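Here chain A shows up in two complexes: once beside chain B, once beside chain C.
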Partner chain A sequence: MELVFLLICGGLAVISSLLVIFARSTLHSALWMVFSFFMVAVIYVLLHAQFLAMLQVIVYAGAIMMFIIFAVMMLNLRQERDVKVNARISKVVGIAALLVLFLELMLVSLGNNLNAIQGPITDTLVATHGRVAVISNFLFADYLLPFEVVSILLTAGVIGAVVLAKRVK
Partner chain B sequence: MIENQSIYLALSVVLFIIGAAGAVCRRNAIVVFMCIEIMLCGVSIAFVTFSRAHHSLDGIFMVLFVMAVAAAEAAVGLAIFVLMYRKHGSIDLDKFNLLKW
Partner chain C sequence: MLEFMTILIIKTLVAFVVALLIVAYSTWIERKVLGHVQLRHGPRRVGYHGLLQPIADGVKGFFKEELIPDNADKPIFILAPIISIGAAVTLVAIVPFGDTVTIMGREITLYLTNPDVGLLLVLGISTIGSYGGILGGWSSGNKYGVIGGLRGAAQMISYELSLALAVIAVVMVSGSLSLVDIVHSQAGLWNIVKQPFAFVLFIICGLAELNRTPFDMPEAEAELACGFNVEYSSMKFALFFMAEYCHMFVFAALVTTLFLGGWHGPIIDGPHWFFLKTFFMIFFCVWERSTFPRLRYDQVMSFGWKILLPFGLLNILLTGLWMLIFNI
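What follows is the complex of A and B.
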């Protein structure tokens, strides 16, 4: 059953990601991107990371895509004609390098030598405490410093965006 | 190892390569930005897969921080695109070679 859901949602994620690249208008790309994010959220649920799936829907499919669609609407872009790949040497070399990278990564990820080191988060611990409780216990103890640094980064990013986009009189 | 682990990893590799190919081929800056988000999604799936396989939460926290950094990146990046559009009237990356020399 998990395999069926995985194949369907993974296939839809791949197809919609391809459509992001090949869609003619930028707005259609953005809408396919939202669909792709929802499919990735389903993959997270299959991996027993429900908290991340919620965050994926709220942060990515909600906030970030709202930003992007807002920018697309504001910029009033014409229909671009750049769907065809330019046969310039840099793009050809780039695609070839990506194919080599693809083969290498596939060889590594399909190999059986990824030995599992068992950590402390067993299924019984999650079943007794609840997933969000376990995550927050670790987040606010072991990962407190990165959490605070990321919050400072977000504040700096938002202030930087306002300063950048402000019209200089 | 969890069941179907190699399928999850293959999915993450495919998403990463699709995103990278789009970032190489497209010239529209916003589409390139979305392709980078696809690459981040692929990497996140690999993190969560290993996190589940190894009974650890480190991968999940890594994905949390990736999401936060992606949100900051979206804010700053889209502000830069608005500036580019005001200055040049387009966000075609091939025309935007201000920093080349």
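What follows is the complex of A and C.
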């Protein structure tokens, strides 16, 4: 039963992600992407990872795709507007914030053991603590540094996109 | 297994029918209350004090002519109302109407499912549901529709964040994402006492998510001639309409569950309390609609980002501090 569902949803996810590339209209491909993300979320549910599934729906199918669709729709009636930023102040504040964040990360990740739950993820562990607790424990204790580095990378990506878009103008 | 399936199917049908009845009659409540607030009578021709009006409206919806504009994106145009109503009705599945009852010697829970990520499910599904309005506006190929859809998307992005922040504070106090556990944790003291700021935040953001006055930017009759659903007619429009009221019911049920103690209350038993509180919240939605005028669009956006978001973050910070100090 689960295998059948897995095959159906996996197949749909693959087909819809192909349609993302092949769809003619930009909005249609964005919608296929939403569908594909949704199917991936269903696969997570089949793997008994409800929390991940819901994050997949909220973050990817919800927030990120909403931004993309918003952007696609905006392209039709776009208004250019200059954003004035005081560069010197933002540089100082940015570097200070970066230093504080870096120190904080070092202190936390080198400091005491944050783990509330020990050992590998097993069914009994999940049963006693609940899925969300187990995932958050590993995400914010064992993998804190990679987690934060990835989030900084994503922020850098966003800023990079802005910089690139500005240079084209 | 068979017994389990039978019970589940019966429960699903009952929840579905109850939800649709509430949806139908909240339109009646809305028209009646709005009428009386404005010193009118509201509907009173069909049935006793217009009690059959929702049914008459439904029948009328089926018999209206159905139009699809020439330059509409047809598949999306048809899909949009389906997404809206589908998401709205799905949410009913996790509303905890009450605790367990014993019927014919069996313990039966008065909720369909109780996933341990219940609250996230609510946020996720309601996000998916908001695609309905946005796509409906875009696909109808009408400029008012597009603007309505765009406004819907922008408002969605802005207020979903603050809504999630309000919810997080509740989760911190209750220690669970499951709606049933959250209700259980309020047996002694309701969350509205523990989290008054989150309550206010949730109500404001929830009204914005519902696209209700004063936040009905995507519709804004005066500016956008009905916005995202301007090209919709017949049952497709009715589906949007039903989705809106179903969302309102779910919102009222969520406020009840998260802040007003769910089914807890003295003297009368659980489900009655739940419905009392939920109908009070539905009444509140109508009440505030008749009280506040529509805000200006840019004011809505700046209010969401500059006031509600920092406020929500601050509330989480204070909740955390409070829990740390009192060691909860």
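Assume the second predicted complex is superposed on the first by the 101 of 169 C-alpha atoms of A that agree within 3 Å, B and C clash if a C-alpha of one lies under 4 Å from a C-alpha of the other, contacts with A are read in each partner's own complex, and residues count from 1 in each chain.
Just so it is clear, contacts are C-beta pairs under 8 Å (C-beta built on N, C-alpha and C of every residue); 3 or more make two chains touch, one makes a residue touch a chain.
The structure displayed is predicted, hence computed values, not measured ones.
A.B. asks: Between chain B and chain C, whom does A:L153 touch in the aligned arrangement: first, second, both, or neither?
C.D. replies: The first partner, chain B, only.
A.B. asks: Please name the chain, chain B or chain C, that touches the greater number of residues in chain A.
C.D. replies: B
A.B. asks: Is A:V57 contacted by the first partner chain B, the second partner chain C, both or neither?
C.D. replies: After superposing on A, A:V57 lies in contact with chain C but is clear of chain B.
A.B. asks: Which partner does A:E2 contact after superposing on A: first (chain B), second (chain C), both, neither?
C.D. replies: First partner only.
A.B. asks: Looking at A:T124 after the superposition, I want to know if it touches chain B, chain C, both of them or none. Which is it: first, second, both, neither?
C.D. replies: Touch status of A:T124: no partner.
A.B. asks: May I ask you to decide whether A:L47 touches chain B, chain C, both, or neither, giving the answer as first, second, both or neither?
C.D. replies: first
A.B. asks: So in the superposed three-chain picture, is A:G10 touching just chain B, just chain C, both, or none of them (first/second/both/neither)?
C.D. replies: A:G10 sits against chain B, while chain C stays out of touch.
A.B. asks: Enumerate the residues of chain A that count as touching chain B in its complex and touching chain C in the other.
C.D. replies: Correct list for chain A: 51, 55, 63, 67, 70, 74, 77.
A.B. asks: Would you tell me which residues of chain B are touching chain A in their complex?
C.D. replies: Where chain B meets chain A, its residues are 1, 3-22, 24-28, 30-31, 33-35, 37-38, 41, 44-46, 48-58, 60-61, 63-65, 67-76, 78-83, 85, 91-92.
A.B. asks: Hey, which residues of chain A end up touching chain C in the complex?
C.D. replies: 25, 27-28, 31, 34, 38, 50-51, 53-55, 57-58, 61-63, 66-67, 69-70, 73-74, 76-77, 130-132
A.B. asks: Could you please specify the touching residues of chain A with respect to chain B in the complex?
C.D. replies: Where chain A meets chain B, its residues are 2-3, 6-7, 10, 13-14, 17-18, 20-21, 26, 29-30, 33, 36-37, 40, 43-44, 47-49, 51-52, 55-56, 59-60, 63-64, 67-68, 70-72, 74-75, 77, 80, 82, 85-86, 91, 94-95, 98, 101-102, 105-106, 109-110, 114, 116-122, 134-135, 138-139, 143, 146, 150-151, 153-154, 156-158, 160-162, 164-165.
A.B. asks: Going by the contact rule set out above, which residues of chain C touch chain A in the complex?
C.D. replies: For chain C paired with chain A, touching residues are 73, 76, 115-117, 120-121, 123-125, 127-128, 130-131, 134-135, 138, 146, 149-150, 153-154, 156-157, 160, 177.
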